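The first chain written gets the first letter, and so on, giving A, B, C and D; residue counts start at 1 in each chain.
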Amino acid sequence: MELHLPWLIVFLPWGGAVVLALMPHGDGQRGRLPAAVNVGVAAASLVLALVVMGEEFGQQGWTRTDALNLPFVLVGAVIGLTTACFSFATVAAERFDDLRARAYHAAFQVFMGAQYLALLSDNLGVMWVAIEIATLASVLMVAVHGTAAAVEAAWKFFILCGVGIALALFGTILLYLAAQPVVGTGDPGLSWGALVAVASRCDPGVLSLAFVFLLVGYGTKAGLAPLHSWLPDAEAEGPLPINAVLSGLLLNAALFAVLRAKAIVGAHPGALPPGPLLVAFGLLSLLLAAFALWRRRDARRLLAWSSIEHMGLATFAFGIGGPAASLAGLLHMLGHSLVKSAAFFAVGAAAHLKGSQKIADIGGLATSHPGLGWALALAMAALAGLPPFTLFLSEFSMVVATAASQPWLLLPLGLGLLVAGGALVTAMQRLCLGEPTPDRPAEGAFALPGGLLWASIPTWLHLVLAALLALAAPAGLAALLRDGARMVG
Amino acid sequence: MLTALSLTLALLVVLAVVPVLAAQMPAGGRRLPVGMIVHGGALLAALVFAACGLGALLGGPVAPRPLMPGSFAPLLLALDGLSAWFLMLLGLVGACSALFALSHANQAPVRVLAAYPLFLAAMALTLLAADGFTLLLGFEAMSLASWVLVAADHDQGENRSAARLYLVFAILSGICLVPAIGLLAAPGGDVSFAAIRAMPPEGPRAAVILLLVMVGAGAKAGLVPLHAWLPIAYPAAPSHVTALMSGAMTKVAVYLLARLLLDLCGPAQPIWWGVPLLVMGAASAVIGSLRANVEEDGKTLLACSSVENVGLIVIGLGLACAFRGADLGALAGLAAGAALLHILNHGLFKTLLFLGMGEVQVGAASRRLDRLGGLIQGMPWTAAAMLVGVGAAASLPPLSGFASEWLLLQALLSAWRVGDLGFQVLALGVAALAALSAALATAAMVRLFGLVFLGRPRTPRAAGAEDGPWPARVALLLPAGLTVLFGLLPGPMLALAEGALQRLVRQDVTERATLAGVVVGDGAGAYLPIGIAALLAVLGAGIWYAVRRRTPAGVARSPAWDGGFMAPPQHLVCGDPVTQPSAAGFGQPLRQILGTPLLAAHARVAMPPPGDPAPARIEAGFADPSDALVLAPVARLRDAISAQVERLRDLTLAQCLMLPFGTLVALLALIAWLEAR
Amino acid sequence: MTAVMGVLTQAIHLALLLVAAPLVVGVVRWLKARMMGRVGASPLQPLRDFLKLLRKRPVLAENASWISRGAPYVGAAAALAAAALVPSFAHGMALAGLGDLIVIAGLLALGRVCMALAGLDVGTAFGGLGASREMSFAALAEPALLLAVMSFAILAGTTGLDAIAMTFQEGTLGLRVSLGLALVALLAVAVAENARIPVDNPATHLELTMVHEAMILEASGRHLALWDAAAAMRLTLWFALLAAIFFPFGTAAPGWAPLGWVVGLLAWIAKMGVLCLALAVFESAIAKMRVFRVPEFLGAALLLGLLGALLLFVSTSLA
Amino acid sequence: MSFGTPAYDVAHLLGGGVLLLSFVLLYQRRLDAVISAFAVQGALLAAAAAWQGYIQGAAGLYVTAAIAFVAKAVAIPLALRLLLGRLGLHRTVETALGVGASLVAAVALVGLSVLVILPITAGQAQALTREDMALALSVVLLGMLMMITRRNAISQVIGLMSLENGLILAAVGVTGMPLVVELSTAALVLMVAVVAGVVVFQIRDRLETLDTSLLDRLRGG
């Protein structure tokens, strides 16, 4: 195996993970050093991601860089860095002992490396392994507090995603089976580039079956209804910073895998068309989450359900298909990552300040902490589809594309968006407006100089990025994403 | 011109950032006159908008140009007659609102200072848009920015629920309008207006678009039955914002209606396209004006009057649709002209009224009619300006409100020419309702002015009220002056709207709009406001001269006669408030006559026992039908479905596993079935 | 030449109105008194009252504002302006072009609003009560009026009063059911607008039933004189309006026609006399109704107007 | 390689054995018997992998076979037994669905997988591969069924691992599949992590029994 540049992005965090696992994590002031190393590694990854953006695209052994994955790598690196910064400011309040602190930091970087690998891999087997590693690392992060609720959530996560990942492997094997008569045995049979090229000559039946397994398998990880059961529990537990990467990156990586599969299967006209399946999963997720959102009392669960909703929307867009809808789907994934992690930063900071993550306990945030509160309000408004953020652009484009091809689907889509939007703004008002609830800050949270700025600056940064991506994306990035959309088909 | 406008938009965005940054600065930033900067900048921007609007109306349209070439959405901007007409209104209203804010809102919280210029910018963006995305971007950004302003005083529960309802309705608007744009879009997904115009929708597709736009834009414009948010959201916002919302924002929603239904859907739509507009317009006109007669909060009353006026405007647009469908081009021009003129006139006089009410709130510390009274003594400027506004809102000649309503009634009186008996009957009913609502509005405005400015002060605060500083007075006098001016010059204003009318109905009105007034049909009717005004002036002066020659000069002052009622006790400096007409009492006849069937109104007189000197009190209430018939069932349905969905939460792990397992088996069965076929 | 004649006609018309207004009120009162078996005051009594009131210095409440002082003038000017637009003895007056029925209705509304504001100005219970009732009744009267106008506009193709009157005078339209219904509707509106029995009793100051009088309770001196004059002018206006539309006989054609003018004048005086008699008979024969029966009364007028227009649609679509 | 040749017969036999043991797993009520059956399944899987390595001439498959044997047939069953002994659990498994019904469902699932796999692989030359895939899919589905019908955490884990045996059966059955060793190792790591999770969380003594219905208290808001 030759070591290519993309592998560096993977191995840098993994190396960091080893260092972090070995570093002593003391209490108090000394505990900041590993957190700072964590930030450093994340920052270095961002630099590397930018370097890779500048390199020539193409396949390099088991990895490939193309228009489809590089935007995700870049956004992933940005979110990784902001999450590390947020974690730097709040990790003291998580009250880890030495072992747990090591596990937490190491798992974070392992996760980051694995999600880069999942995005960058050309070989579907490698991709599977990467997603599995990301799963294991995130399970560890969810369970790291070791409370009954955390263990229970982690267990559910484990079992459901374990099954999912197993099914995805079966699907991968089936893909190879389909490709083997055409490309012969060996590595090319699992190479995405090779598979896309020959898909039209493969056996359509096997391709269809493979897609079903990949969809159910990776769809479980992407939190699509009815495979979503683990997501709200997992998001509600674990240290506060990890929500941003769970919702922002893990779900994307899984949906990205579905996209790769769709590109292969969609290339064969005789295979089961992936569109209707994706549309069905997307709409089901959207509608289920939209109604479930009305009953939420826990802020993190609320945002988790909203992730289900948005993954459903992106899936729906890919299901509609065509360059416009696929572009909408890609933008939706990117925008959702940015905005949802922003919302999680704000909710996380609020949970630290108020000592609870119940919506009823976090009230009047805009009064007590205006910078944070209004950022949260904007982020949730963005999640409800209001402009000027990326989600507005993507929802607009997907609706326009739907109207062009399947106008009757606008009815459930609009219903879901309306119900979900209503629930989100209702919750947003409860969280942000009105009389502030009393502060019961966790000891050690935001004790650094700058205090809450550690949470509000990443939140605002994400919001600004999401707005810029929608309205003022550089022509190069826009062209890149358009190419990516064409690859999805 | 587009460059200037783009720069103005940028200026507004920068202005929004200023208060945020200033608030972050330690002590130094606090001393910055942030409010002055923001509102001064907003004033400047509004003047640019008005000038550009007027310029484009006089100088012809400006072709589309992308604001952000290369990004995902190019943000096409253009300025045609229709946009320019609304932009001019936005500029005028914005200028008044900013002037008022310069006097009264400089100490507003950061959220208000930051959202205000964004609100202005978003409205301008909506009007300037030349593609569907930019249109909705501006429209929804406008909703979001104004939500912040509605939620400005969010420590009060009712303001919060108002803000929530407001935002939910804004989302509803978006969710109806985006698919409408989608259905309008050209086959390639091109949403630019030029592409849509080249290929207007037809048949059922067009009908769905009509429905979606009616709900989407109607919800924002406050059309019955989607108006529930409006009477509670307007009072929640600061007064200068309410003026902007009522004067400009509802008009932006009407702009969407006009742009999407009349311009982009093309002229080849059937007659019945006007029907939903007529029905919703008439319902809004009546419900709005009736509610204005029973509301007891000054701003709520004005908000309800906005519902009424938007209803009248929409009736005009609906008639234009129908006339166009029946190939009655001249009449379509008349109806659309009436709508456009009323848009401008209502925008200005309603701005005046809301700003005046804001001045009252500042001066007398209340908006409740039952806590005001006699303000004409302490606030003569405000009272005089408000009298003009009230007169226009009551559609009295020769003020602006009458001019546009006259045109509208003329259009309604000609509606029978469409020929279809069903439509004739509908138009007949709509005409009756329009006249009813105009008369109800007159009653409501008399009630407003009479209870607020006339009579005796009902509270000590009302007794001590004073006029605002000069910028605020100018903010009232400017729209008052324009209301008089536009009232006298409907002809030239209609000629100015030429470009807009071309867009809406592809019709000319020049020959019917003269300097002296407006003539409809071939001499079917003429309104020459300058003549009327001159006649009134001459006769009034004559009467004055004749009377004064024969009567002793001056007047004698004495306590009010009041039918011989006893004088109030000494300790009641302002007289006994309970012997004055109350808000509920004044509205009682209409509440009983029309409110009982239409608003489920109820009233009960609480009589004190015999011998008790306590006054009798009337306890009255009503419920808007939209709450009981629209909002409540929807909320119940939503809760029922959520409760069902929530049962998924009770699943055990094994049952959770069952879901993917079941999905997988079902999909496998599907594949097996497909293979077997 | 026509312009000069127009101005001349208009001037004569104005003078005629100023003479007729107090007389009409006086004659109606005198006729009513006779019918009730009383001697009754001279028909000139309103004029005498007017002149007497003018000579008295008005007494204003302490808290009365300039509204109380200005409103009488505006109200009287509005009534006079509206009356000036209604043709009496001849067509083709100089201001006929301004005389649109909707504009006349607007001028009447202006007068009404002035009176309501004046009633509210001092803040007395009666003023508010009267203003509230007046505005409420007007809200119902206005649509009925508009529907009647719609019938005329459809038949005559215009809302200009002079043109309508001329069309109807030609007699080509024949008798129409719709016109009959419109007449009834318009009569009901006229009764309400002029505060006559059964809607209001111009002779009463009984608190619970007053509408019009309640608003001017605080007025005195020249202000009261102006209000009374405006009321008289309004009554004259309505008589002239009904005469012009429904009894268009004998009115002189536009232009110089001294003989025609004399005939028109005589015809107009006869019409006014008949209307005065009719009003007096009606008012003597009927009792004032309860305040909350008034909406039913005006609602019926509205429905009749609606029916009239509807029948017109049917007949035009059959024709 | 077709029906009747020893290569095919032995592969078929071993694959069928793995499937049969899935039925045994479903049938067994007692935990120790379930663990034994799982161990046997692991051994059979190892044998199948080795046999495939032999007939395909792929050396990597021997490594897979060795991993499968050591982990699935020896180490994990031993660890589970140890855990069972330490916790002193009552040895009977509570089932959510009766054994009879489970078996009927299992037969239906096997039927489904045959109906799915055989028609769509009709284009495939090798009968062995088609046969193998059908068996593997059946094992996968039965593993899931076992996870659903059992309430006990240990039997759920065993269900998951048996499911995963099906995956390895599929992977080794496809000629020339690259990365088999890596994939199976990765899958193994996952399983070990699961088992370790169970062990750790039991040792923490948070829960009295392994009945996962106790793990369903997390309702959230």
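Please note the rule applied: contacts are C-beta pairs under 8 Å (C-beta built on N, C-alpha and C of every residue); 3 or more make two chains touch, one makes a residue touch a chain.
The structure displayed is predicted, hence computed values, not measured ones.
Colleague: Averaging each chain's C-alpha atoms to get its centre, pick out the one most distant from chain B.
Modeller: Between chain B and the rest, the longest centre separation is with D.
Colleague: Applying the document's contact definition, name the chain pair with more C-beta pairs in contact, B-D or A-D.
Modeller: A-D is joined by more C-beta pairs in contact.
Colleague: Measure off the straight-line distance from the CA centroid of chain B to the CA centroid of chain D, and report it in whole Å.
Modeller: Each chain's C-alpha centroid was found; their separation is 68 Å.
Colleague: State, to the nearest whole Å, the distance from the C-alpha centre of chain C to the C-alpha centre of chain D.
Modeller: Computed value for the inter-centroid distance: 99 Å.
Colleague: Using CA atom averages as chain centres, what separation in Å is found between chain A and chain D?
Modeller: Once rounded, the distance between the two centres reads 31 Å.
Colleague: How far is the middle of chain A from the middle of chain C, if each middle is the mean of its Cα atoms, in Å?
Modeller: Computed value for the inter-centroid distance: 77 Å.
Colleague: Could you pull out the residues of chain A that touch at least 2 other chains?
Modeller: Correct list: 155-156, 159, 163, 167, 205, 208-209.
Colleague: If you look at chain B, which of its residues touch at least two other chains?
Modeller: Residues 649, 651, 653, 657, 664, 668, 671, 675 of chain B each touch two or more of the other chains.
Colleague: State which pairs of chains touch, listing all of them.
Modeller: Those chain pairs satisfying the definition are A-B, A-D, B-C, B-D.
Colleague: Given the complex with chain A, which residues does chain D contribute to the contact?
Modeller: Answer in residue numbers: 116-117, 119-125, 129, 133, 136-137, 140, 144, 147, 153, 156, 160, 163-164, 166-167, 170-171, 174-179, 182-183, 186-187, 189-190, 193-194, 197, 201, 204, 206-207, 212, 215-218, 220-221.
Colleague: Can you check the complex and tell me which residues of chain A touch chain B?
Modeller: Residue positions touching the partner: 155-156, 159-160, 163-164, 167, 205, 208-209, 212-213, 215-216, 220, 226-227, 229-230, 272, 277, 288, 291-292, 294-295, 324, 327, 331, 364, 366-367, 370-371, 374, 381, 384-388, 392-393, 395-397, 399-404, 407, 410, 414, 417-419, 421-422, 425-426, 429, 433-435, 470-475, 478, 481.
Colleague: Along chain B, where are the residues that touch chain D in the complex?
Modeller: My answer: residues 649-654, 657-658, 661, 664-665, 668-669, 671-672, 675-676.
Colleague: Can you name the residues of chain B that touch chain C in the complex?
Modeller: Interface residues on chain B, with respect to chain C: 373-374, 376-377, 383, 391, 394-397, 402, 406, 409-410, 413-414, 416, 419, 421, 424-425, 428-429, 431-436, 438-440, 442-443, 445-447, 449-451, 454-456, 521, 523-528, 531-532, 535-536, 539-540, 543-544, 547, 550-552, 554-563, 565, 575, 579-581, 585-590, 592-594.
Colleague: Under the definition above, what is the set of chain C residues touching chain B in their complex?
Modeller: 51, 54-67, 69, 73-74, 76-78, 80-81, 84, 95, 97-98, 100, 102-103, 106-107, 109-110, 112-113, 116-117, 119-129, 131-133, 135-143, 145-147, 149-150, 153-154, 157-160, 163, 207, 217-218, 221-222, 225-226, 291-292, 295, 302, 305-306, 309-310, 313-314, 316-317
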